[in-house]
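Comments concern the structure below.
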Amino acid sequence: MWTRDQQAARAAKELQDGFYVNLGIGMPTLVANFIPEGVDVTLQSENGMLGMGPFPFAGEEDPDLINAGKQTITELDRTSYFSSTDSFAMIRGGHIDLSILGAMEVADNGDIANWMIPGKMVKGMGGAMDLVAGVKKIIVLMEHNAKDGSAKFKTACTLPLTGKGVVDMVISELAVLARPAKGAPFRLIELAPGIDLDMLKGRTEGHFEA
Amino acid sequence: MWTRDQQAARAAKELQDGFYVNLGIGMPTLVANFIPEGVDVTLQSENGMLGMGPFPFAGEEDPDLINAGKQTITELDRTSYFSSTDSFAMIRGGHIDLSILGAMEVADNGDIANWMIPGKMVKGMGGAMDLVAGVKKIIVLMEHNAKDGSAKFKTACTLPLTGKGVVDMVISELAVLARPAKGAPFRLIELAPGIDLDMLKGRTEGHFEA
Amino acid sequence: MANKLYPDAKAALDGLLFDGMTIMSGGFGLCGIPEKLIAALRDAGVKDLTVISNNAGVDGFGLGQLLETRQIAKMISSYVGENKEFERQYLAGELQLEFNPQGTLAERIRAGGAGIPGFYTKTGVGTLVAEGKEHKDFATASGTETYILETGLVADVSIVKAWKADPYGNLIFRKTSRNFNPMMATAGKVTVVEVEELVPAGTFDPDHIHTPGVFVQRLFVGRDYEKRIEQRTVRQREPA
Amino acid sequence: MANKLYPDAKAALDGLLFDGMTIMSGGFGLCGIPEKLIAALRDAGVKDLTVISNNAGVDGFGLGQLLETRQIAKMISSYVGENKEFERQYLAGELQLEFNPQGTLAERIRAGGAGIPGFYTKTGVGTLVAEGKEHKDFATASGTETYILETGLVADVSIVKAWKADPYGNLIFRKTSRNFNPMMATAGKVTVVEVEELVPAGTFDPDHIHTPGVFVQRLFVGRDYEKRIEQRTVRQREPA
């Protein structure tokens, strides 16, 4: 079984040299810590920045410089700023290579739900619907099961969708499931150490090819 | 009867302080020479400039700085540059107060034809269709009659249209015809020196209120 | 030149406000929000507002101030997670809320300013966001795909925060405080702008201007910007 | 970092060209055209091109060079008045031509780059341009108005001229030579850019970058720009 850091490191292996990448809030943010040697990626922040740098040193925070998680960040020698409209034109137009996002549920047809739970106060979808619809490749980084033990990779999402048929890869603490194209079935790519196929199947609801 | 310069000067009286104005190629360009004292207008050039200055001094031409007529021009202390897309967003979005254009025909319902003559080589509409559709007020500066003597202000345009129902005012060498709103009938506003109503009617086909 | 300069937020909003109006307010989170104009709206007491803004401020700051005074009847936003008073009013049915995906919201505002009444997007297809909207198929490089129609948005007044302006209303924004501000400047029937610094005419390089003056009707310099930070994240210096 | 730098136009186009392809070419008139890339297209001899460009150059310069060699099968433009060879080929039926209103052309290119397959505009309603296009009514401030549907445009390759670039492909344009270039940079499956100057990484103020590097796949520095002027207009100095 992978730790959260190992899960993030596994996701980082999907980064290719020259990629433009958007990382979601939460666990996906950790991926930035594991970018492989020799792989140069440029991070996009959908509030209007390409080339996101690390957090600032204490005392150097700039309130005019935040990421989409509203965290203070820094710029790099490659950084450019632009409006929200230009930022989402970049996303919607398919110019971002990869987005790594969290999810509450993923279905085996690629549907994803990660923005609302009926009956609870809904905070809003922010840029998530735009990202899953526009970015070339969508990787979901999530725990394999919910707190009640139910599988999060399902035959169908029960929560309201963020996007339909959009997910390309799921990386949980147990395994990597992926498909070569939208519309294709998911397939088991890799098992975490100590996990075998039966264990995985026992904790999974959605269909995947072994 | 007005000279071309007087016609342009008459059009310049329609400029109000603070107006953003787009001037078409040809006679409309002359209007810039007659901007009244105390009236400050900013000229837009649809190739991507707001705040167009005069022609450069000989030897100071800059090939990167031209207007929509492809003429070398200069910038002012108010100038900004932007893309063609942003320029026409400005035009289409109704942010330009006034456009002064030439025309081959104007109909008494406000239709305008100024871009093609069937059977002749067509150069294209350029930005004319965008301007007449988007700019708040459209003034046409034209000769009252064509070379064959036929009226250019007609009951209906015979040439392919540039825009439908868009013209607010026509200034010819004989008279000023205008209407208070799109959809309203044209009305005689002013006669050039030496022109009376009968003369005007004799040389006009389209309907106007006297 | 028509004067665009006003002494302060109150003067800049004078005569523009009425109950039931629609206001666009720039900013992402608390970054690049028109602090002074929001405070002036609160002081003016105008009510039943529809506010178009990506977020709703926090309790007591930004648009949170207009929620406390119950001046907002409806929000059009993409994310409102940072505000307890918002949640209370919404759950009590006192506040209407229309969620838009962030990119759809940004594009709707651009469209409104650009004279485009509607456009098609893939964002939200197959989700609650698509319900009741026109669907249309378009041929793309990867085959036929379904898109939904989204409409342009305009406002009676747009309130915008920029970094610097010149007297013609040309604006320059700073870093990620640009966000929704330039588009909202184009989509207000009247656009009122607050800046940190007014520079003399001719100071800006005309290639660097983000918002041309044609979009700005009123302008003033704000003082003592608070610029609150929502998530102060820092790293430690490596030991030498 | 993935290398974007190429020694010259020929190298930058290597492997991208095929007969029947669609090319977007920046510039307005002869201002801001990718001189070197157009010449390299001519030398490459690729044919049956569909070229999307506001204008078609002049005889012997700019896109006029590709007309002389009969490499262009179709132009999508707003104005082509400056070119006798164009007129000849068009009247002889050797060249297809699709006229778009200039603003519609610019917006179609932006839409293509922004993932928007269609949008509605008032431009051209009631004219030849509207024939065969979907019409739709939208409610506006001044009542219901009719708009037409225009579609997004993309290209196999966009050729773009900028003033300066850094090694990441961030671009800055100069004065009115910006025109169609930034939008075309977003709408090419591959975008190839020629610049007058390459500056070291970190030289640009990130608030001043017009085109972020994500849109630029290949880049080179052109030498000895001709930059022809079509209409040299000057004024006389006032006598002292």
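When the chains are written out, they are named A, B, C and D in that same order, and each has its own residue count from 1.
Keep in mind that, in the parts below, a contact is a pair of C-beta atoms (placed from the backbone, for glycine too) under 8 Å apart; a residue touches a chain by one contact, two chains touch by 3 or more.
Small disclaimer: the values here were computed from a predicted structure and weren't measured.
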In contact with chain B and with chain D at once: which chains are those? Just list them.
-> C
Taking CA centroids for every chain, report which one is farthest away from chain C.
-> B
Have a look at A-C versus B-C and report the one with more C-beta pairs in contact.
-> A-C
Just give me the whole-number Å value for how far the CA centre of chain C lies from that of chain D.
-> 32
When the centre of a chain is set as the mean of its C-alpha atoms, what distance in Å lies between chain B and chain C?
-> 35
Report the inter-chain centroid distance for chain A and chain B in whole angstrom, where each centroid is the mean of the CA atoms.
-> 54
Chain A to chain C, mean C-alpha position gap in Å, rounds to 27
Sites on chain C at which at least two other chains make contact = 107, 110, 114-116, 121-122, 173-175, 178, 206-207, 210
Touching two or more other chains in chain B are residues 75, 81-82, 88-89, 91-92, 134
Contact pairs between chains, per stated definition | A-C, A-D, B-C, B-D, C-D
Considering the complex alone, what residue numbers of chain D touch chain C?
-> 107, 111, 114-122, 136, 138, 140-141, 145, 147, 151, 154, 172-175, 178, 205-208, 210
Touching residues (chain side chain A, partner chain C) in the complex = 45-49, 54-58, 60-73, 75, 81-85, 87-89, 91-92, 111, 121-130, 133-134, 160-165
Touching residues (chain side chain A, partner chain D) in the complex = 17-18, 20, 40, 42, 44, 50-51, 75, 77-82, 88-96, 134
Per the touch rule, the chain D residues reaching chain A in their complex are 1-2, 110, 112-116, 166, 168, 170, 186, 201-202, 204, 206-207, 209, 212-215
Interface residues, chain D side, partner chain B - complex | 28-32, 54, 77-82, 87, 90-91, 99, 101-104, 106-107, 109-110, 121-129, 163, 173-183, 210, 227-237
